[in-house]
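Just below sit the structures, each encoded as structure tokens.
One chain, chain A, links the two complexes that follow: it is found with chain B in the first and with chain C in the second.
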Partner chain A sequence: MNETKVADKSNIKKGFARFFFSQAMLLVLIILFVAMSLSSDLFLTTNNIYNLFRQVAILGVMACGMTVVIIGKGIDLSAAAIVGLAAVANVMLQPYGGYFLGVFVAILVGTVCGFINGYFIGKVRANFIIVTLATQILFTATALIISEGRNLTSKPDRIYSFIGNESVFGFPVIIIFLIVTMIITGILLQRTIAGRRLYAVGLNDNAALVSGINTSNVIMGSYVINGFLCGVASIVMTSRIPRIRVGQTAPYLFDVITIVVLGGTALTGGIGGIYKTAIGLCIFGIINNSMAILAIPYEYQQLIKGIILILAVLYDEFNRRKRLLYQ
Partner chain B sequence: MKKTLNTLLDQKLVIIILILIITLTVQDRNFFSLRSLASILDHATINGVMAAGMTILLISGSFDLSVGSAMAFTGIITIMLQPYGLFISILGGIIAGTMVGVINGLLVVKGRINAFIATLGTMVIFKGLGLALTGSSPIKGTIEAYKVIGQGEFLGIHYSVIYLIVVYIAVWYILRYTKFGRNDYAIGGNALSAKLAGINVNLYTFTYFVFCSFTAAISGIILSSRVNTANAIFGDTTNLTVIAAAVLGGTSLFGGKGSVIGTIQGVLILGLIERAMVVFNVDTNYQLLVRGFIILAVVVTDAVTQRRRQLNLERGVV
Partner chain C sequence: MPEQKYLLEMIDISKSFPGVKALDGVTFKLREGQVFAIVGENGAGKSTLIKILSGSYTNDHGQIKINGREIYIRNPMHAMQLGINTIYQETSLVPEMTVAENIFLGRQPIKGGRIQWQKMYDDAARIFSDLSMELDPRAKTIDLSAAQHQLLEIAKAFSREAKIIIMDEPTASITEEDTENLFNIIKNIVKKGTSVIYISHRLKEIFQIADMVTVLRDGKTVTTKKVKDTSENDIVKYMIGRDIGDIFGEKSYEATDEVILQAKNLTSMGLFNDISFNLKKGEILGFSGLVGAGRSEIVRSIFGLERLESGKIYIDGQEVKIRNSTDGINKGLAFVSEDRRIESIIQGFTVRENITLLLLRQILTRAGLISARKEARLARKYVEDFSVKTPSIEQLVMNLSGGNQQKVALAKCLSTSPKIFILDEPTKGIDVGAKKEIHTLIKELARSGMGIIIVSSELPEIIGMCHRVLVIREGKLIKEFKKSELNEEDLMHTAVGNV
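Now for the complex of A and B:
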């Protein structure tokens, strides 16, 4: 009798520990949210919350793609360059064929860029970091060459700027767009065969290979999806910001990686998901927003973001060890 | 005949270098002179010194994206410390740059973080720190004597050529004849075997990170002395060029394989290509494109070679 009670107690303790380590980021988010609401009157207003999400919506769409790639034990350092190239192609073609051509080309360019990455990483098995760093240079150079380094301006009328700037029943369309993208990517990862295979490959690609999964194709597919979502992100971007310049997207890359890692998707592959990335996005959005409210200079913002990334990765490793312990 | 062909193929990098030099000489008659050859080495110094450190790190199977930031940070600290005297400023700069490697090493060895993400983080942190310290604008040096390090000449040849040669001889010796160097290949070849053989893998990996940043700090001193300016945005793309030079020279990204003799050839090839693009008046955007293609080609070749090696191992043909 007594023994079972003790066992129960330790089970509860174990269960609590497991919950704590798996949902710690949710707690961080709640604490941050409450702290910011109490410390600043400006924070908890509908307008500011909408603004917070408007600011990170482009990053959110990109983070969905990055989550897919990181689950497959990769990373895409060319993501920001793909967004830049797709945006340039989109805006430059709009005068010739209208928005539909622009949107179509943006998605096509994104997907092709993703395919190039995927081919060299999945099929040729070249180091994913150097490949995506090299394609980052290639895509940026291509964007510079076709735009001749000029600033480009799209002339968004009400139809095109609908995604970026309009509201439906007082709720910004851009946020709906972000949520829909997240749900679709989440279903793709959790509820489809391809998604589950991606987790298997990320966790142990040799085991996946011998159990009959075509790992090359799965890895290639993850980069293609990422490229596609980068194309989508570029549409959101051009719809929200009419003036674009090559290189303007470069800082997005680091932010996107921080968001994904902050949520708890492990860089070692096979662990994570869109739910975690959504939490990471919210935390990042609050930090971003509060740094703006507190008027912290840009250089220090970069410094803080770098430190947050390192802390998040350290926590991730700590978490992995605990998880092994409580399994 | 076959033997000669094989020897030629073994030296394919030397052949590429010769072809590039001949092309440049044909285009520009004044190119082929001692002074101009020295100036190629001179331009290659900054990337070259770092590439030597990167080679050691790559052989052990890790790598470092933060070398560019370490280089720029060294320059900033050196120039900011100049009011306290020349010696202290240089010492402080080198310590600051090497600290980047200490942090990288601790994060990778103690924190067990992936080398790539740890160095990506320190890259951003130290660039941010540099920007914050300088207020995002370049700062100028105040001591005239400091300029001698990077601009001084001996018989028309810059001192930097001498630094380059000294660093390469030192690293070549270390890799070939010391325990520090031999353990490097052992760890890169198979870290677990190395550990079982009694090598302190963590300690050595940590040291390789510190050494890599130390070479970046030396480059930072040479660069900031040459232009007598420090700027946080120096070295934004250096990391990639340096890794590409090492891999072009035959150092594998998979670890366990490589030499500085290859690396210096890689550095020279990249330097000559840059020079050729200037001579042939290639637009800067196309220069960027060419650079991207070269790096992609290098990494793909590395992957194909590695796969062939593995297949051969499996077949028992070594």
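Now for the complex of A and C:
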């Protein structure tokens, strides 16, 4: 009797510790939020919160794709380049077929880019870092060649800029767009066969293979989805910022990886999800926004971002060891 | 025995992990030149005890003494300096280096900044002849067999002047003949004054090699006895706390005559050659032979995990082409790999996610999404049917004991209702209780009409379970044994080739 009581107690303790540990980033988010609300009057206003999310909406859409890839034990260093190429193709074709053609082409370009990555990584089994490092240059170069290095401007169109700049019932469409993307990706990961298989492959591709899962297709699929979502992100971007320049998307890569890792999706694959990425996105958004409110100079902002990614990787490593310990 | 001092004393050792008391007041005392066996079911605390002794964990309570002096083992390096060497199941050898280099890794004889290769080879050769091992110091370690790896590890520990060598399941992946050789070597090093702590699931071995045995159960010492004062049945009783009777039970039924699987001239160059056999409905067919003889490769190729260069496979009389495991599963096959951690189950998945992995199509809602309710119901059913001991279906599989992990693996494979079930070393590293349950389950499956293939290095298992046994040597099918002809000596002799 006594023994079971002790066991119960330690189970509760263990459960509590596990909850605390698994929700560490949620805690960080709450602390950050409260701290910022207390330290600046400018922070907790509807306008600023909307603004905060507007600033990270493109990153949020990209982060959904990156989460998928990282769960499959990969990473896509070409994500920002895909967004850039898709945006250039979109804007350049709009004069010929309107924004419908543009949107279609952006998605197509993104998906094809993802397929190229996925083919080499999933089917050929080439190293994902090198492949996406190569395609990053490749996609950027292609964008430069077709745009001849010019700045491009999207057709000023009310309907097209609806996603990026309008509101419905006072709520910014871009945020709705972000939330919907996150929900759909979340369902894909948590509730579909493909999603479950992706986790299996990410955790243990050998066992997945023996269980009759076509691991090549699963990995390829993860990059295709990422490419597709990069195409979607490029639409959000061109709708919000009509003037684009090749290379303007490059810094997104760093931010997107930071967001996903910060949320707690494991770089070792198979662990994490959109919920975690959403928390990562909020934390990143608040820091980003706060640095602007507090008027921190650009160089220092970069410095802080670098430190945050290091901290995020430490958190990832800490999680990994914790898991090993319980093994 | 004269009043000899203890070499090592572990007194009242306790160790807790969050929520689990892995060791609870364990005491054991080792004399010089003794072989001390530690047995217990998985999860009894053997590994934790070893890890404390080898410096990977620190104990929460209790004392460790060497030669009567209390010590505190700081880390694995420190343990080695104290003369405690541990040989784990996965060897710590560098495959690309020569045998001698592995022995002297990190302390090669150096003169004038250069490694003295000749001296290193000579020294290694001296150690081998000292221990009467037949190993070539210049051979590449990668070319050695699993058994030779174990010997090399022993030589390495011996050359470090280890006072205590801990062996964790040294015979898990080696054949019975190599086991005998290993035991001779152990006897040699013990004669030279080294003590051995011997961990094994194979109780028979303990009676061959050990002087003393300690049984652990649930982190506590159940008993410590001289081996000659006890029996196998006694130890099993202590291990599981109850009588389990004959380990294999009765083979009370016959296989049918209906051929379910036919393999014709299966060949894969360098692995196996011209293998033909039949499997009948309700039959348990054994594959015996040395590790590396090609047994696993043959069954893996049938399931689609290895490439077949030529040969045909018929299921229910129909020729089938199986190019990958998806084909294998679709054709009614199921396969449990010998490597549980790496191939059978997904350690980071919950019990539920592992069990339903092959059945996801059956638990979809009308919208095509996985139904949490249906999934949980299905997982619970399998947990019950296979009596998996787990606090809940949401437990991560890596937190279960080896036996329960294997049950989850079986449940997963059987969820597709296969006609043919292939098991590669189904009870490797599994405790006695769970082993018995798994054997019973396999027999029930056969009785229900499934065709079953078992690959096993454990001769008692092969003999106790199978209707027919095929012995494979160097990739060739050497001999078929009928049930009535089965005995350990003949199987062994056929496997090693001295008939």
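By definition in this document, the second predicted complex is superposed on the first by the 317 of 327 C-alpha atoms of A that agree within 3 Å, B and C clash if a C-alpha of one lies under 4 Å from a C-alpha of the other, contacts with A are read in each partner's own complex, and residues count from 1 in each chain.
Note that a residue touches a chain if its C-beta (ideal position, glycine included) is under 8 Å from a C-beta of that chain, and two chains touch if they have at least 3 such contacts.
For clarity, every value in this text was computed on a predicted model and none was experimentally measured.
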{"item": "Chain B versus chain C as contact partner of A:249, first or second or both or neither", "value": "neither"}
{"item": "First, second, both or neither for A:265, with chain B first and chain C second", "value": "neither"}
{"item": "Chain B versus chain C as contact partner of A:192, first or second or both or neither", "value": "second"}
{"item": "Contacts of A:200 with chain B and chain C, given as first, second, both or neither", "value": "second"}
{"item": "Between chain B and chain C, more extensive residue contact with chain A", "value": "B"}
{"item": "First (chain B), second (chain C), both or neither touched by A:222", "value": "neither"}
{"item": "Partner chain in contact with A:212 - chain B first, chain C second, else both or neither", "value": "second"}
{"item": "Contacts of A:145 with chain B and chain C, given as first, second, both or neither", "value": "first"}
{"item": "Chain B versus chain C as contact partner of A:277, first or second or both or neither", "value": "neither"}
{"item": "Contact set on chain A toward chain B in their complex", "value": "75, 120, 124-127, 129-131, 133-138, 140-142, 144-145, 149, 254, 257, 261, 267-268, 297-300, 302-303, 305-307, 309-310, 313-314, 317"}
{"item": "Touching residues (chain side chain C, partner chain A) in the complex", "value": "17-19, 305, 324-326, 328-330, 335, 337, 342-349, 353, 357-358, 360-361, 364, 368-370, 396, 398-399, 412"}
{"item": "Chain B to chain A touching residues, read off their complex", "value": "63, 107, 111-114, 116-118, 120-122, 124-125, 127-129, 131-132, 135-136, 237, 240, 243-244, 247, 253-254, 283, 285-286, 288-289, 291-293, 295-296, 299-300, 302-304, 307"}
{"item": "Chain C contact footprint on chain A (complex, rising order)", "value": "7, 10-11, 13-14, 17, 187, 190-193, 196, 199-200, 203-204, 206-214, 270-271, 323, 326-327"}
